[in-house]
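Since the structure comes first, as structure tokens, the remarks are kept for the end.
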Amino acid sequence: MRTRKPFRAATLAERHRKGQAMAAVFLGATVFAVLSLLILLASVIDQTAGYVLVEYGTSEADVFPPGEDGSVPPIGSLSSPELIAVLSDNLGPRRLKALELESPLEERSRGDLADLVLAEVLEPEIVRTWTLFESLSSRSDILAWSAANVPDGALMFRFWLSPDFLSRSQSSDALFAGVRSAIIGSLMTIVLTVLIAFPLGLGAAIYLEEYSRDNAVNRFIKTNIYNLSGVPSIIYGMLGLGIFVRFLGPLTSGAAFGLAGGVAGDAGPGGSAAGGVVDAAVSAIVDGRTVLSASLTLALLILPTIIINAQEAIRAIPRGLRESGYALGATKWQVISGHVLPASMDRILTGTVLAVSRGIGETAPLVLVGASTFLTKDPTGIFSKFTTLPIQIYQWTARPQAEFRNIAAAAIVVLMVLLMSLNATAILLRNKYRSERRG
Amino acid sequence: MYMDINAPGIDAPAIETRAMNFWYGSSQAVYDVDMKIRKNRVTAIIGPSGCGKSTALRTFNRMNDLIPGTRVEGQILFNGDDIYDSSVDPVALRSRIGMVFQKPNPFPKSIRENILWGARINGFEGDPDELVETSLRRVYLWEEVKDKLKKNAFDLSGGQQQRLCIARAIAVGPEILLMDEPTSALDPISSGKIEDLMTEFKERFTIIIVTHNMQQAGRISDETAFFLNGILVEMGPTRDLFFNPRDKRTESYISGRFG
Amino acid sequence: MTRGATLAGRKRPGEALVYGFLLFAAGVSVLTTVGIVVTLGKESFPFFLEVSPWEFLTSGRWQPQIGDFGILPLFTATVLTSLVAMAIAIPAGLASAIYLSEYASAGVRNVLKPALEVLAGVPSVVYGFFALQTVTPALRWVFGIERVDVYNTLSAGLVMGVLILPLISSMCEDALSAVPNSLREGAYALGATKIEVSLKVVMPTAFSGLAAAFIVGLSRAVGETMIVALAAGSGPALTLNPFRAAETMTGHIVRISGGDLSYDSIDYNSLFAIGLVLFAITLTLNVVSNRLVRKYREVY
């Protein structure tokens, strides 16, 4: 009836071999994914430090007071008064006045003054940068190349990710740019986003799991939420642009409350006291492009994820817990707030934190809602103009010059650290709640 | 432990265990079992739940290998060869010792595909239609489903599904058929149909059936083994075990004092 | 006891307030959808007064300066990048799901799964950086500088594939795990090898869940913005050559809105018209995948 040999060793071995080959392929695919991650991280880190060859517009020897032995002192050794002297000697009166208006020279920190000297007097121009790997592996080649091609230049090893980088604000020069405004903008935006999205999301989840009956309306709401979670983030950006920025412009810009931007305090169109820097995209559009609009948009974006996650957390709580509460004569809300929520809060919080970290990384919707291309002042309140870390990364990455890749990479590291800490907090929170529950 | 080792026909048992011990991780489930299963007979394994009978059954076709952390000691011989020897391939073993499970588990494929799948992966090269018809006839399912072989197996009733699973198992042509409480999820009529199969099947196969239903064991089996707390308490011809149990514990179980 | 002797309940206005808030919260989601539909419709309406939907959907030229608004170049670029992304994400995602759910030991899973989750958590703008910085140069080195543009859809598509891979992997894993173990046991008992059980029994059974995962991945690829904005190109180009630069629908929206833009200009309205198409596509894909997910959940 059938053609089989006992313990058919031959075909059996084939089947096993095939199985092992496939298993190797499957493992390979997983490893491929992990490998991509490692290569990505490596290429980011590769850009965060390396040699920079700079050419000064004005050489240090020409403007620095010479040391006792006649040599040119490094900028790090000059004192504040010496730096101020250099500035006064070499800058035009109008420029000096403008700087004084922004912040009196006497009151500035030494580091600030040094930066000014560098930027305004020495006017360094980047000739070439090298990546970390190149810098470490072909050091002598780099030295030779620099000596041969730009003998007057200064070759320094630079960590693009440095405390200065974190404390400086935007600048069009890669050497002096920093992410301070972006970090503040990101944090402000995300805090406001959470304040809006978490109560709404949790509330909707409680409604759907505990209060709603199974009728067409509620089924529609559930399907709708699921669909919303799949809508691309850029569509939320368009929603934000159309409604929060434009339609609700008076509200979100603060004009309705008499706190509109474009007045002294925020960098409105050409309104900066420092002069010269105009927020290029502002001129044509009314200013609902504020932290508030951004947060509202992001809140709507992460809301479906928060709701779905909270729903699952609440659903996981067994009926028995609720029933024992009711049996004691508690109201529905008392049962929920006293029993169900505390029991599910760890999972709810973890999921919320994860949704939040997604929100922090969002770029496209914020571009649409009008993140500023250039801020001279840090955002100060919800009606301020804003920029965020991902926006900054986007802008820098899009520039062709190599040095902007460097600072983009540095900004990426800052962003990733922020995200990692957030996720770590989520895990810690979850563990804390878990152990509290176990008592 | 009482076993009639000297009964006629006992030489060359289909399955023989010698000092079999079994652990799930660190907890032992089966202690020092010596048993001989005779060829072309129906052997029932009875005992209260948790006594280790299913565990013992599953060692015979090394299904327990699929559970991580399990360990076997002692010998389990199939036609004289130790099946836990390192040279033995469990995949090949299972094509010779088939199994039917408590809850019917047909594949979500057509009835025809269900029968052919196992045979094909084992290298079947004969006429598929013939195999399907023969297998279904053996379980008396052919007349009921011959016009709907392409229908999904899930459309069948529980009893029909279980018979399909039996047909699927025998299509591979095993020598031994292990049945793990095959009727406990079925209604009495379906159960009866499957019990009727056993008597016919033993001409072709050796049947080992685990059951918690004593009456069933009494009805269909030639020999019965009684397990209690992982120990083989008594084993012998069914009539003797039921009407003349040698061990007090067997007697208590049979008369319903526990289990 | 100080409670009243009757069984009549106390008035609980607090409960009503709570209920009201919760209902409002649930309603916000409905308002969001309404908001999206209204905004897209309202802001694109003036566009369709000027440009016929037919021309919009079928013309192959997008040159606003001369009044040509055919979405085809943007659409084909979106399709191209999405297909490349799916070519990576589907096989690799499915394969890694099979590995993790059927083969990996607990120890291996504890390392690989979090790694995949990290992959999924990397913001897409970082992926865009990676595409520009590393992938495109690599492609140019492999295929030659003349053949591969500085901006190209292949690079963006590949990186998008890596971005979406974890999403598909985790959804496929869910689908595979949902297959009851009794089915696997039945197959093993017939003398099947592990690979035969995985590929010939478990996978076909989980099919609708797997298909749902693929469709969700596709939807994600269509809507992805930052990677293509950075790496695919910044000018509409009707081409099927993945080595050439081409702007996608999403990339176009982001580029235009990041520059000078006045309300009610045709450029402004055209963005919403594109958004409408984007929304329609992703919504359809998501609805289909939802149906499939529900189908496989019911079977078990």
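As written, the chain order gives the labels A, B and C, with residue 1 at the start of each chain.
The working rule: contacts are C-beta pairs under 8 Å (C-beta built on N, C-alpha and C of every residue); 3 or more make two chains touch, one makes a residue touch a chain.
Keep in mind that this is a model prediction, so the values were computed, not measured.
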item	value
Reference chain C; chain at largest CA-centroid distance	B
Higher-contact pair (C-beta pairs counted), B-C versus A-C	A-C
Rounded Å distance, chain A centre to chain B centre (Cα mean)	62
Chain centre separation (chain B, chain C; CA means) in Å	49
Centre-of-Cα separation between chain C and chain A, whole angstrom	21
Multi-partner residues of chain A (each touching 2 or more other chains)	15-16
Multi-partner residues of chain B (each touching 2 or more other chains)	91-92, 96, 121-122
Touching two or more other chains - residue numbers and ranges from chain C	193, 196
Complex contact set, residues of chain B against chain C	61, 63, 66, 91-96, 98-99, 101, 103, 105-109, 117-118, 121-122, 165, 168-169, 172
Chain C residues within the chain B interface of the complex	180, 182-183, 185-193, 196, 200-201, 204-205, 299
Of chain A, residues touching chain C in the complex	15-16, 18-19, 22-23, 25-30, 32-34, 36-37, 39-40, 43-44, 47, 199-204, 206-208, 211-212, 220-221, 223-228, 230-239, 241-243, 246, 280-281, 283-286, 300, 303-304, 307, 331-333, 354, 357-358, 360-364, 367-368, 373, 390, 393-394, 397-398, 405, 408-409, 412, 415-416, 419, 423
Chain A - residues contacting chain B, complex	1-4, 6-9, 11-12, 15-16
Touch list for chain B against partner chain A, complex	89, 91-92, 96, 119, 121-126, 130-131, 134, 173
